[in-house]
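Each structure below is given as structure tokens.
Paired with subunit B in one complex and with subunit C in the other, subunit A is shared by the two complexes that follow.
== the complex of A and B ==
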């Protein structure tokens, strides 16, 4: 602890230089925080996946509908403890296509399937009993300024009503929320009552988009998935059942390898930082050769001097990393409102901090080691003589 | 004149001595090269995507969807509606008098990317024979066109590049039907190159469909007046409940969300990297100045003015930045140009493939960013160098 002032004095020997270095490290980690948040947003489906949920879609293309009559047959598969289903409504709101997802669901089954979606008891009951009822995620409600009890005029791009009109109206009876921020992005949707929807639509009656099954034992997931698909083999509507996580990963893969793209950008960023900071550190040590020699003269061991120089690099990088991530965190609200809620909420995860800190330490060692070793090898007499 | 001589002499000295500060100078060059390289690559991705969508469609072609639908996948048109479109007066005709209208259906088929196993939504388009005359930019570059009534497909060049098993002669199995790939086609790099095409009737029976998704037609008169007239005919006719879009307008809309997203990502990353690099450049230029402190003070002492010092330092910074920008642009060009990528377009829920396009305007933009970073990084150190009192600077000797 008593070396802290010495460390500090060494770091801020040339204020401008250290501050500039600190700022560029800070920017690198700010970028790291932002890109990591984007990557996490694309891949978060897999994080919030429940190992006890399976997803059944049409075998050949996930957008093909499945018969609603499959419900009771899936329910009888051993190991399945609950079944829900959902259908893609194809919403168009205020003339914007796919402004948010609208799913036609059986309210009780769906809300039971996703206990992480929080809804007040009274509102849940209202959704179950109101045929034209709808519930919406809190972010959506705030974004559009909806109020409980109001009519939601939403058009469908896919389903005309029996009279041919594409305009639908629902009563907003509840608001969905979630405590966990990774789950909260799953609440950016509107749920409507399938009983009303299926009766009132003109086409595709008696069909739904996909099924969700809750199973008792995640270890049985594969066997149960096979058992479900076996029920419908050789029928006109064959199915493909997979664990929720696998489905989410597959979907993220569809988007493409965001992870690889982000990794390449960050590699370029950190390579540049490594170079800039490394150069500065090396120069700073070169200038301080006589000072280091004096430290050794008054009794600092080689090891202590080495550690002192290394510690400078570590402190610089960790400080820059912390400031950068703090800056990223404080930028998130602005970014989230700039995307108008069309993109999942971005936030800096705890894991991002861990990864960033480890990167900072590794970079610090890479940057600090050469000058530290140089300091270690210093011969007092030569150094003082300025040779 | 003397002043200009001073500038020339000092700039010469400055540049001549760069090799003595090679490390610092290289750091600036490489740092800026990194920034410009990333900037140009990310923008090349956005440019490639924009190009793919922007080059899709022509002014004289229209796409008809069910009223209220903005995307083919959400649309559905009954056979009777579709057959009424072709005879309409605004639709162009070929030499033999056949109307240039093609009713098409779109299904999604699952195909893994090359080297992967996860399925992707690849668009599979069933087209009527007129489709080839309507989209006369389509060229079969290997193999031949599919035959009607046979389970044969032709595959867009980009789909063939991205997804596994789409070579001429290969068999692909979808939903209890096997199809033979008989050709690869190009359409000038537009979205159709991400698609698989087959005969509409064959597709309908194989995929057990009974409705079409859209009709694409060429207008006899592609001008605004012609388009408005055609639109009026369709909207006034009580038999129809259709939306009419000009093709370019339709495809631009499909791309909007994704291209906004890519652009935002690109510019955010580039802006922050540039700020970081500016701090780095500042640092390097400060240390370049520091190492030349005595030299500059000596020059000042023997009569060189402050402005020539500023100019010479700025010239160094800008030259290094320019060099970095050029290296970065060249790297981006070498590594990215022409590389292809496919992603899920949320609006169409289907895969769209596109190429990175490193255009000359992007390269110029990269150089401009480099110059901005160079200016920002060089100006303060240059002024500091010129302002430092000669006596103070010489005392450090």
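== the complex of A and C ==
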């Protein structure tokens, strides 16, 4: 702590230059925070995936529906201990920007399939027994100020009612939550009762979007997947079954290899920062050669001077990193609002902070080491003489 | 009176490319404790080189330097740095203060290397600044001070850790006559009243008159004045 004023004085010797450098570092880490949040959102499905769950979709396009009659045939496959299904409703609430996933499900089967979703007993029963019933994730309920028992007027972007109207109405009978934060992030959804939905919709009756299977032994996942798909080979609705995690990763990759994209952008950004900040640090040390010589003259060892210069780089990078991530965090509500719920909730994870801080320290060492070594090698007599 | 500096057969040779330049040749010298010595001589006579060797900023090519009973010519760079922190106070022609730090913080710098607490460091720096008559300027940055005041701050920094020896390289070289006299009077006061041993390089005969003794160097060799 005793060296902090000295460190600070060195860092802010040229205020404008340091602030501009700090801003460039800050912007780099702001970008890091935002892109990491997007990447994490894409991978969130995989993070919460259960190794004991398989997903079955249409073989050639996941948007193609499958017959509901497959349910009982899949149940017969050895190793399968439970089957649920879900269909994408494509919802808007009040206006275009309020979109969130609405899934038509068999309440009992679906909630049994996802025990990580927490719902009160009475509400679960109400969902099972109320044909127009719907349950919603707690974060959605809080976002829109919904109350249990109220009507949920939701428009579908895909399914008209039998009378041709796209406007549907459900009764909110339960609230979903989760103890695991990773799972809770994926509860920004509404579940509706497929019995009512299938009967009331105009088209695609008797079909569903995908099946979810619970298996007894994850080691048998591949064999069970093959067995399920074999049931429907050469039928008009062939299937593709895969572990839930594999499905989530594959789904995210249909948009693009977000991870690789983010990595490349950030590598370019940080390489630029390395050059810019490295040049600034080197210039700053060149200008302060006489001051460093004075420190050595009055007894600062070579090691102390080296550490002081390195510490300047570390403080600069960590400060920029912290400010950048704070800025990214503060932008998250606006970004989430802009996506209107069509995208998983974005936020800056604790893991993002850890990775960013580590990058900042590594960059600081790379940037600070050359000038620090120069300061270490500095010969007092020559430096004081201006040579 | 015992000697604080004992120099024996000191030689310093610089190598510039293929050329060898002998800056000091076979110097033998004693400086008694509590003395105020002015090192004089023309440019290139080796006076600053001798001062740097006494202050432990450089190492000799041959010979020995003992300061306060310790052979400093045999110390490693790290040990020499520690030794300087404990035993030498430096005053330079251009003050060499850190521009971003206040006068108080500049004076505290040598104390960062001690075990003193922040409060103790502040107290010691305050005493040193009072001694040089600048206590009311403690919060001022160097650019807010005159040349004479900057040199006073530099002197306060030099004496704050109570060194054995004050080493001054042209301390009045950048000052007008009146301010130079004030600085020299201050050094004289530190020598007479606080018994600081002072070695000062100067080419100004008037400045040298403030010293108890004058030494003359010419072409790297020593002659008493």
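One rule holds for everything that comes next: the second predicted complex is superposed on the first by the 292 of 387 C-alpha atoms of A that agree within 3 Å, B and C clash if a C-alpha of one lies under 4 Å from a C-alpha of the other, contacts with A are read in each partner's own complex, and residues count from 1 in each chain.
Quick note on the criterion: a contact is a pair of C-beta atoms (placed from the backbone, for glycine too) under 8 Å apart; a residue touches a chain by one contact, two chains touch by 3 or more.
Predicted, not measured: the structure shown is a model, and the values here were computed from it.
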item: First, second, both or neither for A:20, with subunit B first and subunit C second; value: first
item: Touching partner for A:5 - first (subunit B), second (subunit C), both, neither; value: second
item: Partner chain(s) touched by A:52 [first = subunit B, second = subunit C, both, neither]; value: neither
item: Touching partner for A:166 - first (subunit B), second (subunit C), both, neither; value: first
item: Which superposed partner A:349 touches (first subunit B, second subunit C, both, neither); value: neither
item: Of subunit C and subunit B, partner touching more subunit A residues; value: B
item: First (subunit B), second (subunit C), both or neither touched by A:374; value: neither
item: Of subunit A, residues touching subunit B in the complex; value: 16-17, 20-21, 23-24, 27-28, 30-31, 34-35, 38, 59-63, 90, 92, 97-98, 155-158, 160, 164, 166, 203, 236, 249-250, 253-256, 265, 268-269, 271-273, 275-276, 279-280, 283, 338-339, 342-343
item: Contact footprint of subunit C on subunit A as seen in their complex; value: 2-3, 5-6, 9-10, 12-13, 290-291, 294-303, 380-381, 384
item: Subunit C - residues contacting subunit A, complex; value: 52, 57-58, 77-78, 81-86, 90, 92, 96, 98-101, 105, 109-110, 112-113, 118, 121, 157
item: Subunit B - residues contacting subunit A, complex; value: 23-24, 27, 30-31, 34-35, 37-38, 42, 67-71, 73-76, 107-110, 113, 116, 118-121, 174-175, 208, 241, 257, 261, 264-265, 268-269, 272-273, 275-277, 279-280, 282-284, 286-287, 341-344, 346-347, 349, 351
